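Which chain is which? They are A, B and C, in the order written, and residues in each are numbered from 1.
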Amino acid sequence: MSAARPAAARLRVLPLTSWQATLLLVERNAITYRSEWKLFITGFLEPVFYLLSIGIGVGQLIDTFEFNGQQVPYAEFVAPGMLAASAFNGALLDSCFNFFFKLKHQRLYDSVLATPVGTGDVARGEVVWGQLRGGSYSAAFLVVMLLLGYIHTWWAVLALPAALLIGFAFSAMAMACTTWFTSWQDFEKVTLVQVPLFLFSATFFPVTAFEGWLRWVVECTPLYRGVVLCRELTTGAVSVESAISVVYLLVMGTIGLVVVRRRLGTLLLT
Amino acid sequence: MATAGTARTPAAATPRAAQAGRLSTVEAVRRMAPYWLTVSLRTWRGSVVSAFLAPVFYVVAMGVLLGGFIDSDPARLEGAPTYLAFIVPGLVAGHAMQTAVADTSWPVFSNFKWNRVYDSMVATPITVRQVAVAHLFFVWVRVTVVCAIFDLVVAPFDVYAAWWSPVAALGAQSLTGLAFATLMYGYSCRISSDAAFGVVFRLAVFPLFLFSGAFFPVANLGPVGEVVAKLTPLWHGVNLSRTCSLATLEPGTALLNVGVLLAVAGLGAWWATSGLERRMAS
Amino acid sequence: MIQARGLRKTFGEGASAFEAVKGIDLDVRRGEAFGFLGPNGAGKSSTMRMIAAVSPVSGGELSILGLDPATDGPAIRARLGVCPQEDTLDSELNVRDNLVIYARYFGISRSDARDRADELLELVNLTEKARAKVDDLSGGMKRRLTIARSLVNRPDLLLLDEPTTGLDPQARHVLWDQLFRLKQQGVTLVITTHYMDEAEQLCDRLVVMDKGVVAAEGSPADLIRQHSSREVAELRFGLGDGHDDTNPHETHAAGVAAYGDRVEVLPDRLLVYSADGDAVLEAVHGRGLRPVATLVRRSTLEDVFLRLTGRTLVD
């Protein structure tokens, strides 16, 4: 047969490893982003604005907070919170809005799954893409923190992987939930979860603001785990709790990924 | 019915406005009212969280919880007895801006780009300018209603210094909403792709919300920052809303605040109507 | 290339379960053009999606390129070209990038992907639109782009689900010509269509599907020979005198039945099957009947379908 099709010899269709297939989704997204670089650049500013406004503006009304036995100036207290929160917000934006658009409106994955690329590759590809974007914001934010003199410990280097971990956990989980959405109305529910998590996860004030069982609830929420993890790393007050947070977020992300993969199968491969 | 009338006395049976040749703006707005009412009734449910719940969360998180760590020192809070009393009028003014801007961004763009409601409106005796005025009017009403409900909800928490405070503050917030609605409306008419909204939200709306004195006294921004902040229209809205709320109005500043907001709204109205005229002509 | 035995597809579960494909047998040989013909909802697309290894088989056996779709999905899809019934183009990418990125999903190197994209754009006459947004293309252009996309990996087996829907007559003939060439190069084609002429022109062999089962199978000529006569006389009668509600064709059916092998009554005409259509017309006129319009033509797959299912193909 190939003798009759000489041109075919030139074109080599190679079996894809799952890592390659994952990166292909990333490549696709990168191309669509070429025309939206303004959106990409400005996304980085959000946490910086929060840091300058709340951390410095409001910070002048507050002295210091105690955190794991250290006295921490307010801006240094808020900065890691913003690092975690921006990873969280970015993950939600990508994995709810953008993912929903591709899944339900553009029906992108219908065509992707007709190729050797599979549902697992799609799920991983979207998460990896989200992390590349979120990760570059986090790295830039850490540089800003360093320039403002908020970092005094080498532990802070690990805050970057910590932010990536937060992004991963929320991306995967949010994508999993999005597979059940049917219309844009459902996004009101995202706001309903996103805003309270952002505001009450000890981002702007210590968890001691909550009392009794309420404090327990807050300590069990995922963004709180991310915020304290980042705070422990940037202030150097690392503890056993840091390990708990890491495991918590890893488990959450993995469950999310498995669910996304399954749901894509039931939704698209029928 | 109309045909029967035509048969007897043609001139008298013709609808009054068509006879006059031109609609008054008030009459045009009245004719579009059923449309905007229907739309708001159909969509209010979908905006409950962002319109009401989200700002309540902000008040609780920042005003109550973070405020618990802030000394209640009127000298450092522009005369407010507590941080809660300081932040609430500022947040509501900021929220007025955000609601106004949200209602005049994608919804406006969609009306001439995707669902093309404007096209069907101007195919009637209604003019383009009247379409813009009517849409802005209903956004203004909505913003005012949202702020009014909010002012009512926070009333029991000791944030108003005088009996007239909530009413005056509502006026300030409503005016702030109007000013920003017109600005954003004009902008929406002049962009070619909705991707431009993302940039303006991140580079203009969001920094305004954070740095125009809603969360902290602008004096904390340093001398230069303070001057810059006071040049923004939102600061004038926040300041007016706050001084009304705390009953610390100074006639000079208050007049300046009102004047700036009115000027912005006036310029914005021209910017918005001319924007829509240009857009609909192309 | 494709072998199916008792192939089934069920959507949903329990009480709401719906069987779209009810046990069909298929053998598609290497290098042939194979067609699925059938009315809306017959189960053509459902079968095509199973063959494309994107829809799990609910029952029976299916082997594609000698592989099992349940376990070797990626390997099968790597050698397949698929043009789905509804365009699934990537609206965030421009026309050329749609092809380049799709080629990349097959593991084709970036430079090969670009060359292939340009080649295919030329083939479907979209070179000028290379940088255009997909949303700015006309419906027919989108269809052509989807067809080009299905060829991006030089498939051994090409699945086309109603490829020419929305194409203008010229583009349709160009596509037929291209498909014919592909076939000559040894590519196996599987096509679903509502167009009889398309099926007769392109397909070596086809199955007529109806309500999830295969009603007949064979080459177009065989099917016509087996299930229809050589010619058909079409008679259209005016509305009856006075009795409004009855179909005048029904009233006349019994009268003309004697002149042909078989008669079919349609709402708007009467079909009389016979080896010699002109003779039928003569006999009808001889009897004093005056149809408002008449036509003698050769039997087509449409008639086969009518015979097998009692319904017209395109409703």
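Observations, loosely collected:
Here, contacts are C-beta pairs under 8 Å (C-beta built on N, C-alpha and C of every residue); 3 or more make two chains touch, one makes a residue touch a chain.
Source: prediction; values computed, not measured.
If the chains shown are joined wherever they touch, the resulting network is a simple chain of contacts running from one end to the other without closing.
Ranking all chains by how far their C-alpha centres lie from the centre of chain C, first place goes to B.
Of all chains present, the one whose mean CA position sits nearest the global mean of protein CA atoms is A.
Separating the CA-averaged centres of chain A and chain B is a span of 33 Å.
Each chain gets one centre point, the mean of its Cα atoms, and the points for chain B and chain C are 57 Å apart.
Centroids built from CA atoms put chain C at 46 Å from chain A.
Chain contact summary for the complex, chain B toward chain A: residues 46-50, 53-54, 57-58, 60-62, 65-66, 68-71, 76-77, 83, 195, 198-199, 202-203, 206-207, 210-211, 215-216, 220-221.
Those residues of chain A whose C-beta lies close enough to touch chain B in the complex are 36, 38-39, 42-43, 45-46, 49-50, 52-54, 56-58, 60-62, 65, 185, 188-189, 191-192, 195-196, 199-200, 204-206, 209-210. The part of chain C that touches chain A in the complex is made up of residues 11, 30-31, 52, 54-56, 73-75, 77-80, 82, 84, 88-93, 97, 101-102, 104-109, 112, 116, 149, 153-154, 156, 184-186. On chain A, the positions that touch chain C within their shared complex are 1, 4-5, 7-8, 10-16, 20-21, 24, 27-28, 31-32, 106-108, 110-118, 268-270.
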